[in-house]
Amino acid sequence: MQLLIEQSLNALQLGFTLFLLATGMTLIFGIMGLINLAHGSLYMVGAFIGTTAASQSGSILLGILAGVAGTAVAGVVVELLVFRRLYHRDHLYQVLATFGIILFVNELSTIIWGRAPLLVEIPDWLNGSVQLMPGLSYPVYRLAVVGVGALVAIGLHLLVERTRLGMLVRAGATDRDMVAALGVNIARLYTAVFALGAAFAGLAGILAAPIQSTQIGMGEQVLILTFVVVVVGGVGSVKGAFAGSMLIALVDTLGRAYVPGLFKLLFSSSVADALGTSVASVAIYLVMAVVLIVHPQGLFPESR
Amino acid sequence: MKQAALSLRELRKSFGSLLATNGLSLDLMPGELHAIIGPNGAGKSTMIGQITGEIRPDMGRVLMGGRDVTDWPVERRALHGLGRSFQITQLVHGFTAEDNVAMAVQGRQGHSFRFWGNARGDVRLRTPARQALATAGLAGRADTLVEDLSHGEMRQLELAVALAMNPSVLILDEPMAGMGAADSQQVVDILRQLKGSVTILLVEHDMDAVFALADRISVLVAGRIVGSGTVDEVRNDTKVREAYLGEEAVHA
Amino acid sequence: MAVIASPAALAGAPRPALRPLMEATVLLALLALVPLASTLLDDSYLTTLATRIVIMALLAMSLDLVLGYGGLVSFGHAAFFGLGGYTVGILAFHLEDGTPIFGFAGSTSGLVTVPLAMAVSALAALVIGFLSLRTRGVHFIMITLAFAQMIFFVFVGLKYYGGDDGLILTARNMVPGVDLTDPTSFYYACLFVLVLVFLGLKRLTYSRFGMVLRGSKMSERRMRALGYNVTHYRLVAFVISGALAGLAGALAANEARFVSPEMLSWMRSGEVIIMVVLGGVGTLIGPILGAAAFVLLEMGLSDLTEHWMLILGPILVLVVLLLEGGLLSLLGKVRR
């Protein structure tokens, strides 16, 4: 029972991380029609910048701030230089260009930070565990991540539903031309949306840094997961990003925790060893396949 | 009573809070040329979409020759004899005019899971294609790429492609839009030849063409048919004149 | 005369235009002469390099069928490539190991492994294609990527077949009448396959099937309105494409005598897309040029600096931003 709660909390934490990434990706795609493979790179850059800032200054809060701001700035720079010219292009070319960006950013990061994983120290006030119930202690930091994630989710909901920017975002997701006709500076709106998406990705990166190692390639692993979330949730929909993130995080976390054990119960140990972890890691893709068969537009598609 | 070639029964379609089709019913008799007229925003595109299968109605049925095709996808209806021309031309760029028409002909010749023979050299495709082009007045442009055709020629090609399908029911979505007088007359002549053998639903704004061709006219306003009848009946119906003909009545 | 890579030149005349035929012949001649140059220059690596290029060209061509002609951006083609390679590897493994797989003893006969590799890849393409083609545009790209990742992780997790470390083949497959252990013979065998597939695909793209596929890329709406079930045709193209990618994988496994999950990585999928676009989509020759260019570029740049990706990345971005038709259109512009 304790294991279940612990794993569920882990899933929640992963879910919010994915949510931060998926929201950015789904909005950028929904509004600008841009498929951005380099979204994972933003995640990585956030982790690197934030980790460096935190280690140098000794304050994790400063690290988070630096990570978010740095990534947002990097995102805006790339948007102005490259993405602006890609919005109207075929998805194929967007894939290619953003792929090129990944190569470049990965290599640049290797030069700046080296290949060894960076470690971040969790400050004392966030370190340690808390007793949630008898027999179950849970790391404070992970709870903090869940907390931050929840705050962001609520804030985003309010932003999208209650503010003018949010209205433009929602309108832009369903009718780009109308928004332009309203006299809104589309270019600036796009840059703002991109900066927001980048900031979220950077936040996810630096928040995840103490839990998983900060290293080259971390962006790609999480990128695929984000894709799955966006597809399952429904492209262009923030609600979908939330639902998708939680579902995928649950399936992945609980799958990895329980499937190998389950296999050991059902099959001989050699088969269980061989297949258990494989099946656990592909569980989310199976979910995606099922969603595709039953409801190809995703769980909460943006209605057009 | 004769079986309707195309029948729309109480179609209803909403897009969010917009009620585009509101209890639309229509019967097309075999061989007749039935024109649909109506103000802009009346729901013509949505109606056509539901006939061809691109749009699923919220309620109501679509029948072809008595068969309920409401749940049939676009391609199945096409194979069953439903042809259409698009208001905004949907031609295959990179192909010649003949290639485009040949695709229509090819669709009628069974499945296309044939991986070997050269389609362009196939007389079973080229001959009917050239004939269709000639009928549409595009004989000299057979080997011209679509992107090199003039706007008017593209519209003619659009019609030729639809005709080359040998449809039993033909939906024409403003085929004369943006055409000059000479080209329009040519289309009128072509359609006049088809009357009787093909059931035609003509959606048009060009009143001269409509009055010259139509066996019957229906008026579409706010997603439903408000009046139906022969040319004279509709012309003289005051309600219809008010609802739609309005300024056109001065010219008619 | 019109630029080579534009659909115009290929679609216009009743017969395929003469220039692509000339270009193909020139290319073929050049490729055929490589072993000769290799002997003259006393550089055996040249033949090996050319073999790798030919195999990549085959892979790129297979993708061009669905991407260039079908308009489907598949970001998971490495999966079919890897499955083909692993089929060869696993069959060799079991023959040596003595343990049967699904009741079969394994094999190192090229006449068995290669068709089997193609069949496995084709089957995977059928399943993945069936599921993925229910989506379009961006969804399709993401989904093909995700499925390929899935297969990647399966092989990483299969410790029995080496997992992350991969599988070594003690020897190349055997084909009666040809000594595949000889680099030159192996090269010509691969080149033969490339030419065969090229000719076959060229015919395919001009067939009734090919016309439907190409028409659907340009205007799916029109094709459906003419009665074509576009999804079915795309699925068949996808399966053919997957089978050919599997063929490339089988050859690659033989070339390196090694298979690893890296063959299935999404980076690899991305590289194949690069090759196709770099060379010119929808031309079949373009992918061959693109494969050559990419392999040579990768080699040249990595000789220059350890951080060659720092240069390749921006090159890609620039190619996308500036060059609309790939290398082939560049060549066309130069000739004009």
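Letters A, B and C mark the chains as written, and numbering starts fresh at 1 in each.
Just so it is clear, a contact is a pair of C-beta atoms (placed from the backbone, for glycine too) under 8 Å apart; a residue touches a chain by one contact, two chains touch by 3 or more.
Remember, predicted model here, so these are calculated numbers, not experimental data.
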Could you tell me which chain's Cα centre is nearest to the average position of every protein Cα atom shown? C
The chain whose C-alpha centroid lies farthest from that of chain A is chain B
Could you put a whole-Å number on the gap between the CA centroids of chain B and chain C? 43
Report the inter-chain centroid distance for chain A and chain C in whole angstrom, where each centroid is the mean of the CA atoms. 32
Please work out the Cα centroid separation of chain A and chain B, and write it as a whole number of Å. 48
Which stretch or stretches of chain B touch chain C in the complex? 52, 54, 73-75, 78-79, 83-84, 86, 90-96, 99, 102-104, 106-108, 112-122, 143, 145, 147, 161, 165
In the complex with chain C, residue positions of chain A that touch it: 29, 35, 37, 82, 85-86, 89, 91-93, 95-97, 99-108, 110-111, 220, 224, 227-228, 230-231, 235, 273-275, 277-278, 281-282, 285, 288-289, 292-293, 296
For a test of understanding, state which residues of chain C touch chain A in their complex under the given definition. 67, 73, 75, 131-132, 134-135, 137-139, 141-143, 145-147, 149-150, 153-154, 156-160, 266-267, 270, 273-274, 277, 281, 307, 309-310, 312-317, 319-321
Touching chain B in the complex: which residues of chain C? 7-8, 10-15, 203-204, 206-212, 214-215, 218-219, 221-230, 233, 236
